[in-house]
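Pasting the structures here.
Both complexes shown next keep subunit A, but they swap its partner, so subunit B is in the first and subunit C is in the second.
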Partner chain A sequence: MESDTTLTSAETEQWLTTPLTQINDGQATATSGVLASRRSAALRRQKSRLIGTASTKIGASRRRTRTPRIQTEPETLLAAELVNKTWSIYKASPLYSFSINLLKNYSKSLTVELEAAIKKGVAVGLDSETTCKATFSVFEGFAYDQDGAQSVKLSVSAKRKQISDNEPSEVLTLLLTGRMNDASKSISGSFTCCPVMLTRGQVMFTDIVMAWMQNQFDCSIYRMSFSQYHLAWMVAMWAGILPENTSPKSVMLVYSVPETEGVDTLTLSINPHDCKRLWVSVHNADSSSFLESEVHTFHKSLELHFYQHFKIHLSCMQLSSIGTPIVFVSSEGKMKMYSVEHVDSVLQLLVDLIVEEYPDRLQESL
Partner chain B sequence: MGDLYVEDAVEYFTNPHSRTATRGNVPLSNALAAINKEASANGLSPDSITILLDVAASSRFSDTVSQKLVKCLIPRHTVSEDAVVRAISWLCTNIPSSNLQALIVRWILLVYDLIDSKDRLHALYGLIFHFIEDDTMCPYICHLLHLLTRREDVRLFRIRRLLNLQSRVGVQTYISGLLSIYRLYYPNIVSLVMSGRRKIFFKNTDTAWAQVIRKVQARANAVQRPITVQVPSLAVRGTKPRHKRAKLQLVPSLQSAVDQTDVTVPTDSIQTSISITAGMKLEQIHTFEDLLTNVDRLELPMQVAALLRHPHLQHLLLCSSDRLLTTRLSYWLHHTLQEELILGNGENDAVRELLDMVVTFTDFIQEGVPVLDDIIIRYLMVWNGRDYRSHVLQLITRMGMMPFSDLRECILEPLRQIYCSSSVYVKCQVLYCLLQLLTNYSALEWVTPDPNSNTLPLPNTTSVFSPKADTQALALTTIQELIAYIDKLCVLGLTQERDHAFLMHYTLSYMELASTLGQRFGVPLQQVVSAFLIYRCVFALHAMAVSRVCGVICDYCEQYRMMAKKAGDAGKQEGWDFIVNTLNGYTLDICDTLWRSKAFSFHLNPKRSTMIYHLTSADAVARTRVANFHTAFSLLQHPALMGFTQSFLKQQPDEDRSLGHAHKHRGKLLTHLQERHLQGVDRFIHTFIRSKD
Partner chain C sequence: MPRRRSDVADAAMRERCLSVVLGRMTMKALTAGNDEDASSLLSRWSYLRDENESFDPHARSIIYGSTTKRELVSRLVEYCAENATVADVAQLDLLAVRAAGNATWQAYELADEVAIEGALPSDQQLRKRLQRALAPLVEHDVYVETRAGATWMWLWMHGGGGGRVFRASDVVYAACVPHTAHVFTTRTSPMRRRALTHALAVTFGCCEVREMPLRGRCLRSLARLALQRNALPGLSHQLHNELDLPAAPPRGRAKRAAPPRLDGRAVREDEGERAAKRQRVDAAYGTKPQPTLEQVQYRLKTRFRGLQAAEMDSGQLFRCRVTFTGSSVLDGFRNLVSAGMATWPLPPHVSNLHRMARNLIVLEDRRDAHTSG
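Right after this comes the complex of A and B.
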C-alpha cells in the first residue's frame, strides 16, 4: 500500500516568505545525509592523501578539472534523441581493443550472437520466428573533449517474419559515451575509457548484449546505482535551473519509508519557482561551482520546513529518487532528461561519479 | 514378493552373477518394477543413473530389458557428465543394438539441460559427429550436435560430409537444422536454400517422456526449497538495490580469443584440417607440460579474469613482456570488486569464490596486486569485521609498502578496532595477519644494502605488476614502527584475555620474529621487545612461554653480536646503548629469577638497573604476601616448571627425591626439560651462565 503526502505550493510560498536568515546559519548537524557526506569526504581525503593525487577538502567544489568534458551541440536532432526517454545507466571498466574502425565487425558478431541466443531458446518470449539485427554507429554531435572523440550508438532491432510488413521494431538502444581512440601500441591506447552507458529497451536483450560486450572487450559492466548522497547533490545543484521554453516540472523528492505498515514512499513536490527562490538564496551567484555547504543548507531548509508542517523527520529516511526541472533520477540507475540544453552537464556529472571510483592510475591518465 | 528397495534393485543389475535371461526371471522383473516405480515417483539420483545407464548400454541384459531400463532413467536433480560420456563410449563399441543406441541418444537429448557440465561433451564433438552415418540415429545425433555446436566446431570437412549425407538421403529437416547453425557462424561458407518460413527442424518425438521428467523435476525442486524465516534485518539498508538476477558466477569461464578479422575475410578463415601450426586453444591445456610445449602458439583468452580459475595457466601472466594482460586483469578486478564487495550487501557465495581465487593467485605470484590495495583500503572503511574476514586478512598481508602514517590510518586502525572488540580467536587471526605483513615487508620490500658496493641498489624489476618505486628509506621506518605497533597490540591483548594460551603463542611468535629479523632478512636492529611482554612471559603459568622467551633473549643476543661484528670498525652507533642496556637488564633479571633464586633482589646492587617494575622498596614486594618470593620462581619451583621438576624427581632413585637433590643436579634437570621440547631454558642457561663444574 502506498500513500504519499505532497506539499502544496501555497504552503511552500507561505513558508518561503518567513525570514530565510534562520536557515542560512549552515551549521552541520548529524543528519544521515551529512554523515554520509562526512564519510565520503573523509574517504576522498584519505584516498587522496594516500595515493598522492590532488587533495580535495571538505566544502570543495564539485567540478573537477581532471575528467574529460563532454560537449554537445544542442541544436542537433540527435542530442534531442536522448531527451524525454527513460534511460538505464550502466558503468563499465575500460574496454580493451575497442576500435571505432571495426564497428561493422562488431555489428556482425553481435548479430550472430543474438540469433544464436534466440535459436537456443534463451530469449524468453520470443519464438524462433524473430530475427534480430544489431547495428553499431557513431553518434554524431557528441564530442568528448576537443579531440573529437565520439560516442557510439548500438541499436538492436527485431522483426517478426510472420508479419508481412517488414518493419523492424527497436528493442534495444544503447549509447556508449567515451573516448574512442584508434588502438595503438601503448597500453593507454589499447584501452578505451567508456564510463557511461545508457540503455533503453528489453532487459533480455540488454543482458545478452552486456554479456557479449564483457566477453568481447574484457571489461566488467554493472548497473549504476546512486547513493542518496549523490541524489542530494543532484537535486540541490539542479533544482534552481529552469529551462526557458517549456513550463518547468516541479521539483520532486521521493523518500522511502523504513518498515512502517501501510506507508512505502513519501513524495515531496515543490513548485519550481519557489524552489528557484530558495536556490538563489542559498547559492552564491558569482561562483560557477556548487559547494557542499550549499547542498547541506538547501536540504536542511527543506527538511525543517517539512518538519514544521508534518512533524516528520525527513533526514531519517532515504532518498530513492529525485526530480528536477531538467532531469529525473532514481537510485536504481534510471534517468530521464527533459531539457536539451542541459544534457551535457547531466552526463558530465555521471562521468565524474563513475570516474571517481576508478583506480587512481587510470584517473590520472584520463 | 514384496516391493524391493531401489538400492537392492540397482545391486541386482550390477551383480555379475545375476541371471540375465528375460523369460521367467522373477527377480529381474521385480528389480525393474522397483526402479520404474521409484523413478516415476521421485526420480533417481545421479549415481544411480550413472550405474544403470552403464548397465543398460553394455547390453548385458537383453535388448528389451535394456530399453526399459533406459526409459526409467528419470533424473531427480542433475545428471553427471560421467554417465553421458560412458554411454557414448558404449555406443562406439557398437555392442548395443541400433534401436538401443537411438534410445540412448534420445535420452541424452531429453536430459541435456540437466547435465552438470558439458566440457567433456564438447571435447567429444568429433566422435559424436561420426554417428551421423547411422540412419536410425541420424536425426537425434543431428539434434544433439545442434545443441552442442560452438564456433570452433564448425569445420570444412564436417560441412562437406553433411552435404554428402544430404545428397545420399535427400534433403532432411534435421540435416538442414544442423547446417543452419553452421551457417550462422560462417554464413559465407554454407549456402542453404531455405524456404521463406522458418521451419521446425527437430521434431519432438518424446513428449510423454519429457513430460514425466518435467513432473519429477518439479516435484524434486519443490521439496528441496526450505522454508525460510523472514528475519527483519537491523542493518542499514544498503544503497544498492538487490538484483533480480544476481550473478551466480563472477569469474568468467575460459574462452580463447577469436580473431577479429574472421568475420570479414571470406574463405580462408575456417580451418580446413587439424593443422599443427594452427593456434592452440587455451581450453586444451591441462598441465604445465602442455603449456611449456605449446607456449609459442597459444591464443590469448578473451577475458583475462578467466585465468583465475586455472592455476596452471597463470604462468601466462608472468611471461608476457608488455603488461597488457596484467593491466586488463587489474581493471577487471578493480571494477568487479568495487561493485560486489564495497557496494554489495552481506556475504555472497560468488564473491567468496572470487576472493578465494584472488588469494590463491596472490600466493602464486607471491606478491600483491596493486589495485587490490586500493580496494582493501576502501573496503575497510565500510567493513563490519566479519564478512570475508579470512580473505581480507590474507589480502592485507600482501599490501604494498606505504608510509606508516597511512598504514596506520587505513589498515591498522580498523584492525585495531576489530582486535579490541572481538574474541581471542579473532585476535589471534589479526595478530597472525600482521606478523605475515611484517614478514612480507621485511622479505620483499627491504633489500639489504651492500656496504661494499658503491652503486645504489636496483629498483625491483621482477614484479608481475608495475615496477615498484624505490621504497628503501620508507621501508625501514615503516617496518620499525610496525614492530612497535604489534608490540602494543600484544600488550593490550594479553591484558584483555588474561594470558590466554593461543594469544600467548602468537605473542611469542611475534617476539621470535622480531628477534630474528636481522638474521633472516638483514633488517637492522633498532628496538627490542617491550619489558611488559618479556616479564609477562617469564612469570607466566605456561611452560611454553618461559621456554620460548628465554630463546628470544638468546636470539636477540646473537642478532646484536652479528650486527656489532658487521659494523666492525665503524664502532658503536647511537641507539645501541639503549638496546644493550635493555637486553642486559632482561638477561640479568631472568638469570636471577631462574637460576640464582634471587628474583626481585634490586637492593643488592642499586647501580644495576633492573627492569622489573622499577620497584624502589622491599615493602612493595612483601606486601604481595607471596612467600619466599626470591626462590618462588626459580627453575625448580616456578609454577610453570614445577610439574617437570616433579617428573624429573620421579625418575630418580627413591632416596633422593627432594628438592635439595634436584638443586644439586640442575644440569640433569635441564636435559630433562630439553627432552620435553623446552629447549629455550637450556639454551639460555648455557649461553649466559658460565658453569663452574
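Right after this comes the complex of A and C.
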C-alpha cells in the first residue's frame, strides 16, 4: 500500500541525480581548489560520502562532485551481463599506459600468461591438457562518461585439448569501468583511471589475472570492502526505490553478533512497501537532497522498533550485508544487482567511494 | 547356474545403493580410528562383523589400505554388493545419518495426544505395519531398528515399474522417541510426505499426524523442546535443567577458542552488576546448555514502534521478519543478556521459547490495542 507521501518516479529520479549540497546542520558548503588541512579532508570525504549516488549536475563547478556519470544503454544487454549475478568488487589504482586500442595485444599477452601458469601447475585442478584463452573487448552500451569512453570486458575461457567438440567454458568474467580513451583527460597523459573492477568466476583465474594486470599496468588492485557506515547509507538511499514491473524484494539487513556464543547472525527482512513508508516519513520530500541526519533517524527508528519487540540492542551488532529491491551488497565486497534501471546509480556510488580514497592531487586531476 | 534377470537387476540395485550411501560419507567418517581399534563407522556396521562380533579382516584391509575415497568406495562395493541386502544398506545409512548429525528434522505431533506406549511394537512388527500402510500408496522398502534410545525408520519410497533405481532423495528417515506423541522426519517431497504421514498415522493408530512449526538438526533438542511444550513453569524448569537425556555432542561449541584471559592488573568495576545479572539469567534459564535450535524466526505483523511511529500511518502494519541463526539460539539469547546486548527481562516470546515447541513465531498486535491505537 502506498502512502500519501510516496515519491513520484520523476522526483525519485531527480533525487538520485542531484548532488548533495547540505551536510549535518544543513549548511551549504562548496569546495574550491585543494583543501590543505586534514580536518577539511575528512570533511570532504564525509561530504562526498553523503553525496552517495549523486552525479554531477551538468555545469556544476565543484571538482569534488565531478565524477562522470555512467551512461547505460540497451537494457537487454545489461540484463544479460550484469543483473542477477553475484559480482566481486575490486578497486584499482590508475593504470599506466593502458590503451583501448591495444586490447588485442593485451589478450595475447594474458593468454600466454595463463598458459604458462597452467604448465607450471599453479592452476589447481587444471592439467596441461587444458587450454585457456583471454579476450579483452569493449563492453558495448556501457559508456563511462559523456564522451563515450567505453568500459572493457575480459573473458577467460578454458577447454580441454583432447576433446575436439568440447565447447570452451567461461571461467572468468571481468569488467573494468573507467576512463578508457587515450584522450588528454587521462591523468598526466600516462595513467588511465578505471577504479571499479567487477569479477565473476574462479578465484584461481582471478588471482592470475590480477597479478598480470598489476605487473602489466603498474597498478594496485585490492578487494573492495564496505564499512557499516557505507552499508547503512546504501540501505537508506535505496530502500525507497521500488522497481516497476516486478515484485520488489524485501529490504534486508544482516547483522553479525560479535563475541557471543549461540547466535551468529541476525537478519531483519522488511516488507519493501513498509520500508518505503518509513523512509518517506523520515525524508523531506520537498528537498532534492538527503541528509546524514535522515539516514541516522531511519536506522534509529528501525533499532527502536526492534528493541520494543525483543529488548535486544541492534546498535551493538555489526551490519555485515544489506539487500534492497535493487541491489544486494555485503561488507566483503560482493554485490548482486536486481534492477537494470539502477545499475548506473549503484556503479556510480562505487566509483565515488573508490575515487574518494585516491590521494588529493589525484582527485584534483580527475 | 545362470543368474536370473531379476537377480542381476537386484545386484545392480544393491551396488548402486551401496555406492550412493558410501559416497555420501566423508573420507574422515569412513576411515576414522586406526587399524588397531577399527573404531570407524564401518566397523560398527553389522554386515562387516562376523559371528564373534569381530571386524572382518578383509574389510579392515580395504578401509585402511585405500588411499582415496573413490578407491575405498569401489573396493567396498565390489566386496559387499553381492551379498548385502537392502536392509544392510539401510542400517549403514542410518549409522551415517546419526553420525553426521547434519540432517534437518521436522517435528510432527500425533493427534489426540496418542502417546507411543512404553512397549513399542518390536522392530519387526513396526516394519510390517509400515509396509501394510504404505503398500497401497507407493512402492517402498522399509527398515526399522531401535538404537540410542529411539526407534529409527529408513523408508525408501521409489517408483516401481521398470526397476528400482536408488536415489538418495527417495529416502526418508524418521525417528520416534518412546513415551512421547512426537515423530521426527527428514524433509522430502510433498508426495512422499503425504504418504509418510498417512502411514505413520495408521501405524500408530491416530487419526492425524500434524506438522509442528519446529525443525532443527539436533534430534535430542527437538525431542526435548517438543516434550516441554505447554509444560508448567516449574515443570518446565525442571525439565529444562534436569532432564536426564544424554547430552548432545558439542557440535561447533567445543571448537570455539577459550575465553581470553584478563590481565591480572585489570579491575572490573561492574563485577557486582555482572554477578547479579548472571544470577537472574541462571534462575530463568538454568545453568545447563539449552536445547539446540539453529534457527528461530519471528514474523512481525505489528504497528511501527520506532521514532517515526507518529509520522507513519498508525493503522498500517510494519511487516518484517527477524531470523536468529547460530549454533544454539536459545543459548545465544541467554548470552546476549549476559553480554549486555539485551535488556533483562526479555519479552515472553523470547524467554519462554523453550516451552513453545516452535521455531517460527508470529507476533501480532492485540486487537483492542490495534483498534484503539
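The definition used in the following text is that the second predicted complex is superposed on the first by the 288 of 366 C-alpha atoms of A that agree within 3 Å, B and C clash if a C-alpha of one lies under 4 Å from a C-alpha of the other, contacts with A are read in each partner's own complex, and residues count from 1 in each chain.
The rule is short, and it goes like this: a residue touches a chain if its C-beta (ideal position, glycine included) is under 8 Å from a C-beta of that chain, and two chains touch if they have at least 3 such contacts.
It should be emphasised that the depicted structure is a prediction, and the values quoted were computed from it without experimental measurement.
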Partner chain in contact with A:306 - subunit B first, subunit C second, else both or neither: second
Which of subunit B and subunit C A:222 touches, first, second, both or neither: first
Subunit B versus subunit C as contact partner of A:191, first or second or both or neither: first
Which superposed partner A:259 touches (first subunit B, second subunit C, both, neither): both
Touched partner set for A:357, first subunit B, second subunit C, both or neither: first
Broader residue contact with subunit A after superposition on the shared chain, subunit B or subunit C: B
Contact residues of subunit A, present in both the subunit B and the subunit C interface: 259
Of subunit C, residues touching subunit A in the complex: 253, 256, 298, 300, 302, 304-308, 311-313, 316-336, 339-347, 350, 363
Touching residues on subunit A, where the partner in the complex is subunit C: 1, 3, 250, 257, 259-271, 274, 277-278, 281-282, 297, 300-313, 316-317
Complex contacts: residues of subunit B adjacent to subunit A: 147, 181, 184-185, 196-198, 232, 237, 239-241, 243, 245, 252, 255, 260-261, 263-264, 302-305, 322-324, 327-328, 330-332, 334-336, 338-339, 343, 371, 374, 377-378, 381, 402, 406, 409-410, 466
Residue ranges of subunit A in contact with subunit B within the complex: 39, 43, 46-47, 49-51, 92-94, 96-97, 102, 104-105, 108-109, 112, 115-116, 119-120, 128-129, 161, 187, 190-191, 207, 214-216, 218-220, 222-223, 225-228, 258-259, 318, 331-332, 357-362
